[in-house]
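Shared between the two complexes below is chain A, which pairs with chain B and chain C, respectively.
Then we have the complex of A and B:
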């Protein structure tokens, strides 16, 4: 059905005919542009810079660049680059004492002193980490979407490689979605100073002595170790009505391998609470974690409320509850184009691992596993903050987030003998989080 | 049976919508203003103009001029200047499409009855039926001048291919005569704007995917919405989402090749065209569909802004 139409300029001939019909007053240009996930396959970028700082402790800066490209047929490629640096001091697990304490750095190269009454902090943590993620998502069949991706993370002493896969099924006119996903990570840890012999004494002395290196090496059982993580996630999302959406997840995670923190120790104290020795901590070589999660999003006339709850339990006897809520309030154009403010409140509570103890007493037998890391002890944490966002430059989103984070470790039922009564065994950790994001 | 002719007013954040039914389509006029009185006045004006055109050129209305012309085939019927201009335009379209676009092809509906969401009965004609009917098709058999038109016996004219788009353009003209505020006139998906919105912003128009009412073809439900940002001019969509026919598993659109009497094969499911006026956009979209598999190439060669869905 070829015709000779393409030889004539139809457009101008029609313009002439149209003018005759409608008159010259209707002459105008047609100006238009389109946005469509079918036609437009340019890149969308999100960039963010995050700053995290604990009072007197760890500070971290992180820069993220995320690039997303949507192809024809709903295929999406997502690439993300994350760079973070960490500096500052972190608790090494020993308890404070009314006297000065000396510890050996994890590398074995040198000692550091902690003042009387202070919580022992190790400040040798400076590290830069680079992480790359790639994710490909595409429809497999009507109502079926599959996704697969990889993860790579490298820092001076740590390498993590991972893959993930996920399938999502929509039904009931896409009002319900069921999803199932798995991920697998292989991590290798090559800590400076090697892997310490668990539950053996930390060598304290003179790192410059000629015999030091040999003695230190005796406290090591290897230069590196690894662990694997397998996660399964099942999810269900349901549109309840025009204003409300709910999501439910169940996750199962298995970690096997080296789970101990080679930089953490425990103090061995006598019956007056005075430290006699420091032992490297030891954790089991496997951990199974499960969690259930429920989230609800409710759209009021203009504001949106997001509330979620998570319950986690594992075979280390840790259980935790998390309640997280955000309330997005649009501010119209008064404070910046299409701006909004979003207050945030998160409350977290966890129970201690069964092998957690703030210290070991010298009159008991050595346990199989022990750790004084407050992050697996009993604690509550609260985050309060807000996010402010607006549009700039042709519809690009700019947002600022400021949060205050307070972690309060608590006593899980341990006696505090002697001088330990006079020191702070469960110091509160306060942190400020600031973040700027820009999407373009 | 006529729909009740009422105009409903709706207030939006920064504009008013005037909604009414005409030409078997939901129609909407949007004016960006806070003056409710002006909005009501505009609604009355545009709807009156659209209904006037419908009453004059609808082949379904026994009292229309179109029906008068059709019922008096074989005789000369007096016409006015507006009708002469429309017929001249149809004549140009016939020439430019090399006969594929022909407003006398309406009689073919007697042998083709297309399915719609309201009518699932199909009528697939035989070659003999089509050939007999084709004897009554052919713009070259028409005789017209500024004062009259004469059809050969058995022939009919149908303004369906240009009527709605013409009404959109006329709607814009009467809107501009009334006010300088930004106005959008949308008659069942064929639309035009008087210009950009306030603050030089664009009108955002969502284009319905072709399969919105059907889950028959390939089971593929397109959920992609396409948003066109329109600053000036018009937009018309031609396609088969609402009227089509399934025969032996194959889908036939309702646009017929006036020369063969058959639906165009391998045409895109829908074409949306942007042009300075709606009637131009509509014709270009129809011309493109008439090219079948060459539809996109045709529009690209003509340097016309379009979106095609297959």
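Then we have the complex of A and C:
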């Protein structure tokens, strides 16, 4: 009896902690029922730690704890806590130059220099984020399942609140399922240093001067801004045969509000490619994205192939193709109980937004919108990796994932005057992704 | 033009899938393979959540399989 209590100790503590998240009103009842839930093991926990590191740029660590309880009448409660931390340097949008460049930090407190020939990276980024998700799913009537959830994410300069709902209808012996869902997010952005006035010049000079703060404040239009995101998702799932399953989704996403990145700038260059000025970027205040998605799972004699494809298009004229595939190969018990290895390949390609431009020239009229953020420029990306998993004590699952991610931005047809020919305008970004997952 | 084409393709494939219902699908006792965890359309929800966060903050696309909405100040 004692050893049984020892074994369930961590799980028991987590169970109490999890039910405590439900709120004080239900705490008493939750505490009294937690002992029995532990004993029948109806709480299932997934925990994971992910490490993401780019060469010379951003590093991030992310931890997830997911708790799931299935009740007797097929009601499912899912609670998820995510904590992540980010540090390192990020491209500020300016082009590399054959000379040293000086930039003001987004906060206005101080400046940083970028060496000749280097892609300008702003190393100010440090952030910690806490995210909480809750989801309740239950049968409504025979063949009808409904689900509702909330989302809360808070970081130093950002708050995101969201709700979602979904209904699924099964028919033809549960071989087919239609689903319809919506989600709504309300985000508030309070960047350090405030919101810069789009397409005005970055102030550069002596940040210790007595007039600096006033001059910097004149480049700002406020301290915070917000955006809303409304998503609609329609899905159809079909069992093809004993070995094969398919899913088709259509999604419509409407984003309204502040979509500009307050930390991104553009270089203004002359006809020899030399930088004359830096402007804060400017994006439209709405975006409508749509996508179609298809996924198929196929069970061979022992292996399972999972392939999906997504086509996305939006009113910023960005289109993208994503192919994601995993192949799970059981290794038997020779490399760990019920172990498997799962290679992963993801290929991504996107076209540039219509207002994307790597720089502005000083002889042209200012466009209404402009951004040099490579993430909305023309790009291909590839991820290759594998996952290795096995069962450990008590049937708990332990897995490791290691992947390599490479982004290759490309020129969408822009001329490169003068000195810009001699510098790298579209540097590749390489990252390593490592993850450990333990389910118990 | 492209959009219309894609939408039409989706519609046609959905209709084909639906009209074929009589020959598609399995009986309840034929679900041995489909019932396995790895045959679930979202077999690895934790991995998927972590990946969504990475790609949402590094690329211009999000969602498709699930909601692609807001959630962080990373993009």
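We adopt the following convention: the second predicted complex is superposed on the first by the 399 of 440 C-alpha atoms of A that agree within 3 Å, B and C clash if a C-alpha of one lies under 4 Å from a C-alpha of the other, contacts with A are read in each partner's own complex, and residues count from 1 in each chain.
Convention: a contact is a pair of C-beta atoms (placed from the backbone, for glycine too) under 8 Å apart; a residue touches a chain by one contact, two chains touch by 3 or more.
Nothing here was measured: the structure is a model prediction, and the numbers come from that model.
**Q** Check whether A:283 is in contact with chain B, with chain C, with both or with neither, and answer first, second, both or neither.
**A** Neither partner.
**Q** Of the two partner chains, chain B (first) and chain C (second), which one does A:357 touch, if any: first, second, both, or neither?
**A** neither
**Q** Considering only the touch criterion stated at the top, classify A:264 as touching first (chain B), second (chain C), both, or neither.
**A** neither
**Q** Of the two partners chain B and chain C, which one touches more residues belonging to chain A?
**A** Counting contacted residues of chain A, the larger count belongs to C.
**Q** For A:304, using the defined touch cut-off, is the partner it touches chain B, chain C, both, or neither? Pick first, second, both or neither.
**A** second
**Q** Identify the partner contact of A:142: answer first if only chain B is touched, second if only chain C is, both if each is, neither if none is.
**A** Touch partner of A:142: chain B, not chain C.
**Q** Is A:248 touching anything from chain B or chain C once the two structures are fitted on A? First, second, both or neither.
**A** A:248 sits against chain C, while chain B stays out of touch.
**Q** Which partner does A:318 reach: the first (chain B), the second (chain C), both, or neither?
**A** Once the two structures are laid over each other on A, A:318 reaches chain C alone.
**Q** Take the contacts of chain A with chain B and those with chain C, and give the residues found in both.
**A** 174
**Q** Under the definition above, what is the set of chain A residues touching chain B in their complex?
**A** Within the complex, chain A contacts chain B at residues 1-6, 8-11, 13-15, 17-18, 20-23, 25-39, 74, 142, 174.
**Q** What does chain C use to touch chain A in their complex?
**A** 2-3, 6-7, 9-10, 13-14, 17-18, 21, 24-28, 30-34, 36, 38-39, 41, 43, 45-47, 49-50, 53-55, 58-75
**Q** State the interface residues of chain B toward chain A in the complex, per the touch definition above.
**A** That would be residues 85-86, 88-89, 92-93, 96-98, 100, 166, 169-170, 172-173, 176, 195-196, 202, 219-221, 223-235, 257, 264, 274-277, 279-281, 283-284, 287, 291-292, 294, 297-298, 301-305, 307 of chain B.
**Q** Taking the complex as given, what residues does chain A use to touch chain C?
**A** Residues 46, 48, 50, 52, 62, 64, 66, 80, 82, 84, 86, 127, 129, 131, 151, 153, 155, 157-158, 160, 162, 164, 172-176, 181, 183-187, 189, 227, 229, 231, 233, 236-243, 245-251, 253, 255, 261, 289-295, 297, 299, 304, 306, 308, 310-314, 318-320, 322, 328, 348, 350, 353, 375-376, 379, 381, 387, 401, 405, 407, 429, 433, 435, 437 of chain A touch chain C in their complex.
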